[in-house]
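For clarity, chains are labelled A, B, C and D in written order, and residue numbers in each chain start from 1.
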Amino acid sequence: MQLGMIGLGRMGGNIVRRLLRNGHTAVVFDRNAQAVEALVKEGAVGATSLEDLVSKLEPPRAAWVMLPAGAITEETVQALGGLMQADDCIIDGGNSFFGDDVRRGGELKARGIHYVDVGTSGGVWGLERGYCMMIGGDRSAVDRLDPIFATLAPGLGDVPRTPGREGRDARAEQGYIHAGPTGAGHYVKMVHNGIEYGLMQAYAEGFDILRHANSENLPEERRFDLNLGDIAEVWRRGSVVSSWLLDLTAQALAGDDSLEGFSGFVEDSGEGRWTINAAIEQAVPATVLSAALYRRFRSREDASYADKLLSAMRKGFGGHQEPKKS
Amino acid sequence: MQLGMIGLGRMGGNIVRRLLRNGHTAVVFDRNAQAVEALVKEGAVGATSLEDLVSKLEPPRAAWVMLPAGAITEETVQALGGLMQADDCIIDGGNSFFGDDVRRGGELKARGIHYVDVGTSGGVWGLERGYCMMIGGDRSAVDRLDPIFATLAPGLGDVPRTPGREGRDARAEQGYIHAGPTGAGHYVKMVHNGIEYGLMQAYAEGFDILRHANSENLPEERRFDLNLGDIAEVWRRGSVVSSWLLDLTAQALAGDDSLEGFSGFVEDSGEGRWTINAAIEQAVPATVLSAALYRRFRSREDASYADKLLSAMRKGFGGHQEPKKS
Amino acid sequence: MQLGMIGLGRMGGNIVRRLLRNGHTAVVFDRNAQAVEALVKEGAVGATSLEDLVSKLEPPRAAWVMLPAGAITEETVQALGGLMQADDCIIDGGNSFFGDDVRRGGELKARGIHYVDVGTSGGVWGLERGYCMMIGGDRSAVDRLDPIFATLAPGLGDVPRTPGREGRDARAEQGYIHAGPTGAGHYVKMVHNGIEYGLMQAYAEGFDILRHANSENLPEERRFDLNLGDIAEVWRRGSVVSSWLLDLTAQALAGDDSLEGFSGFVEDSGEGRWTINAAIEQAVPATVLSAALYRRFRSREDASYADKLLSAMRKGFGGHQEPKKS
Amino acid sequence: MQLGMIGLGRMGGNIVRRLLRNGHTAVVFDRNAQAVEALVKEGAVGATSLEDLVSKLEPPRAAWVMLPAGAITEETVQALGGLMQADDCIIDGGNSFFGDDVRRGGELKARGIHYVDVGTSGGVWGLERGYCMMIGGDRSAVDRLDPIFATLAPGLGDVPRTPGREGRDARAEQGYIHAGPTGAGHYVKMVHNGIEYGLMQAYAEGFDILRHANSENLPEERRFDLNLGDIAEVWRRGSVVSSWLLDLTAQALAGDDSLEGFSGFVEDSGEGRWTINAAIEQAVPATVLSAALYRRFRSREDASYADKLLSAMRKGFGGHQEPKKS
């Protein structure tokens, strides 16, 4: 099946590669002409503009936008909408806010154009492992794109099948789902990332405790000099906490477990924040997911204003003079 | 190799089974004679008392205590200590507090008896999957018991090997480690369980948000009626949040995803609490792990005194009258 | 000075009373004619509709809307906007979202009408203690209304003056501030309420711990049967935690400290939620304020779906069967 | 009444001063002879050693230890215990762990010596405002010391009396209570400090949000350049969040509200930690109090190991490269 791809970064480029390797065809565009060229060498048809890309797609067209969420995705979807015709389909595979999907989908629907939002997990490993996809949009469009999704998805692989799923939607165990109407795909992906933050923080705190198990502040008989790499490794088999994130942790700790190459500054993308906003709108107590997000915020501050105010109060009531930071 | 086992519950019984099936011999004791009988039928030697068990073990003896942490483990270790001789070895495979290990280990060492603490993860799946073991104790004792540990551990299985571990302790990728001196095994297991609570709570909150995505309080265009079982399933392949706990979640949600069979009351065992105590002693901010523990505490209260006091204050300053709980 | 008041509930009615008692005049309207009548008896001029109210105000008019935030405030402000003229002023004294103020203020400004948002704290005590007001809007409108604000504010009272404030805006120590342009008043009030939730939860948790100090689960030598009413009282003088909320707590606990009249269900109004949304937008870690909000969410659930999922996982990996809730 | 005082720091010295100014007599000792000399000038009797102090007290003696909690208090109490006689009384007015009180009290009781633990709040303001005292010990000893406590306490002052307290222990509204048996005083003080951390953090987060209200990351129409000093001041009168900590905040922000003199490093003393340990032992969810404590822990780290591990995982699954910290 033919797919247009706009945005040939880490994700978009590899999605095209996985499609080409499995018999699909692709028309590709990126502001960076070298990125286009590279994929043309691997069998894609290159385009020099959105117009060119649209003109090279056969109706009913399918164009996948794989760009950073926000202004650039918005502009691109709007421009594509102006170039495409009734029954064509625009796919947003980035990390857009689901509310933006709902709005865009409504606008495009008025003109007969389908809009499909695809929450895509898989990162740099997707080319090899496949992409886990959470898809929103109307059934007809999602069904028409099924050959694309089936190819991109990981498939059953060697993951044991879940007992009790007989008779349920078979796509889920292939690694993709039609989650619901427009916006539902990014909604599920949003919560996926919210959970991801929580899981990561749980491991991070656990290993932080293990690392401090030898602290000089502890009574001597309770100090342990632990091998963090071996601990991460041992938990990978047979323990309750085994996971892919733990596999990555074990890799990171396999060599030098001091992690000195990292500054401690941790970014967050929008999904973790939107997850909390959604929880608050629903009045669901998202205690752990919020705590995880806040630790990232805090990681980026050298000295928090909040902390300084604590010291100001402590000085006020107790005359306490805080030591300088080392 | 010969092992004595005291405590033939879910864990102890299956540990003996796994040993018997792999060429080891076992002398077993439990207060419940039927549990002893059952294992005798599978090839174990039965004992009628601790004294009997010790007398049936060949020096240097190895006796594994697999009982609930606390008073009964304490008594049993003390009693065994009185019955055993220099160079014998007592193994505590339960969920003891590492501080108790340190104390017991010191007392027994004075009399030449080895004490080995084994944090054991694997639950009801251990017989089949093997047990992940985190071991504390002196090297000679741990090395002597290696045939036991090697048999109980999961082994490499089909879990991909971690790149960069060449030349490191090979036991870790077999599923067991010698974590350090007495207490280190249960210390690592304690933190394992602390992490487990955090991971579980992250999933629980995420699915709670997904379940409320269709709430009537939300604007209509933002409501999604999601299939939680399919979502859990799809994340098992190719996503960042895949894990064994997610596998179990997918199983639980494969049928009726309302979870109506559960009351919402969630127990905690000691390890989550000790993990927080350890973090506080080290001044490590265990935000997510604490939040997870507190949610369990809260799950067991119908109406919290803290909440009532909030209402009392609200009435005081604003004349607010709270509605009754439904 | 003359003020129109729309909404004669607990807050609006007492605001009018405080103005009338101090030489101002008021034209009042409420859907409930009895509420109007009551204030007419105390000296106000009654109005039978918004039109009537506007017609009875002398230009440049000032009309204060004191209604629940949301749809009804929105409609009323819109209707007033249609009835009023250039240089008139609409005051929203409710708990509106500051973003709504920004929008409304912009719309009204286009027609020359001033819009002033007043975050008003004081609850049922305001008539006696005065109202703490955080005001947003353009300077000319805020200055023109100063006689109203000066009367409603608590004034210096017997609260000691803050050293070092010489030469700073004197209104602050009278109990009202012009916080900034439209929206700034409700923004500051929003954060005020966010802090309020955090403070309340801190006391609530502390007293919860004190109440459980006699729990049967504790070792006997560490149990204390504490008098919570006396503890709240003693902290009111000379301690670091003295506050008005503590005064209210002491009152609530002065009699029966079991608080059995409260169900444990705790409402939240919008401000606590908006505070978290604002913090997230700023990437400020609002750990305590979020935790306080979530405890209110949780207080309203009998059995959380999240908790049930924890039990489902526990059953999955360990065969654990949770007890029923008592 | 005569009191011995050991430890003439900020607290101990002023306690003696307040006693001397109100007709009591004091025998004082400190390792620092100058501290002793200073108080001798103000009317105290100086002592050169614990032995000297004990010899100068008339039986039944009362000696107040006002030293840092931990080893030095322990040694001093032990030494005093060796020097004193049946019916004498040792008072620990520091911030000791209540479990230490229980132990010491038991040991001394065996020899007929009373042990009274006094949780003392008031900081540098106590000389002027009086000390809020939470007292544990047997009734006879506490009653005998009443003249001391009555003098040190703040008294009714101009704090309004709590309605409904008629017939209840009058000491509470004077600012001191007999909380219960040995340990109860420090237990209540411990929770007081736990609450204090929570309150402080609530204000700190609120002002952090206010300070970031003008952040460049926000949409321009939602930015506010707020005057934090004026906001703190306005809340002192008529608002729900007025408190002594807010008074101190208003003082700190009255001048330069940038708080640039503070590094952001915030100490914690033991009580906040013990409060969490107590909550965990009781299974009480201390969400806000824990969050507050953890923020202090985090304030003292430049780059957390936990954060580095998050970055390592992010690099692992997404190839993300974090920016350097500014």
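Heads up, the rule we're going with is that contacts are C-beta pairs under 8 Å (C-beta built on N, C-alpha and C of every residue); 3 or more make two chains touch, one makes a residue touch a chain.
Remember, it's a predicted structure, so these values are computed and weren't measured experimentally.
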{"item": "Chain whose mean Cα position lies farthest from chain A", "value": "D"}
{"item": "Interface copy of B-C among A-C, B-D or A-D, judged by whether over half of the contact pairs recur", "value": "A-D"}
{"item": "Whole-Å gap between the CA centroids of chain A and chain C", "value": "39"}
{"item": "Chain centre separation in whole Å, for chain D relative to chain A (CA means)", "value": "46"}
{"item": "Mean-CA-position distance for chain B and chain A (Å)", "value": "31"}
{"item": "Touching two or more other chains - residue numbers and ranges from chain D", "value": "123, 201, 203, 205, 208, 212, 240, 244-245, 251, 281, 283-287, 291, 294-295, 298, 300, 304, 306, 317"}
{"item": "Residues on chain D engaged by chain A in the complex (per definition of touch)", "value": "10, 123-125, 200-201, 203-205, 207-208, 211-212, 244-245, 248-249, 251-253, 259, 262-267, 287, 291, 295-296, 298-300, 302-320, 322-326"}
{"item": "Chain A residues touching chain C - in the complex, by the definition given at the top", "value": "240, 268, 273, 276-277, 280-281, 283-287, 290-291, 293-295, 297-298, 300, 304, 306, 317"}
{"item": "Chain D residues touching chain C - in the complex, by the definition given at the top", "value": "98-99, 102, 106, 121-123, 126, 129-134, 153-160, 162-165, 168-169, 171-177, 179-181, 183-184, 187-188, 191-199, 201-203, 205-206, 208-210, 212-213, 215, 217-218, 221-222, 224-227, 229-231, 233-247, 250-251, 254-255, 275, 278-279, 281-289, 291-292, 294-295"}
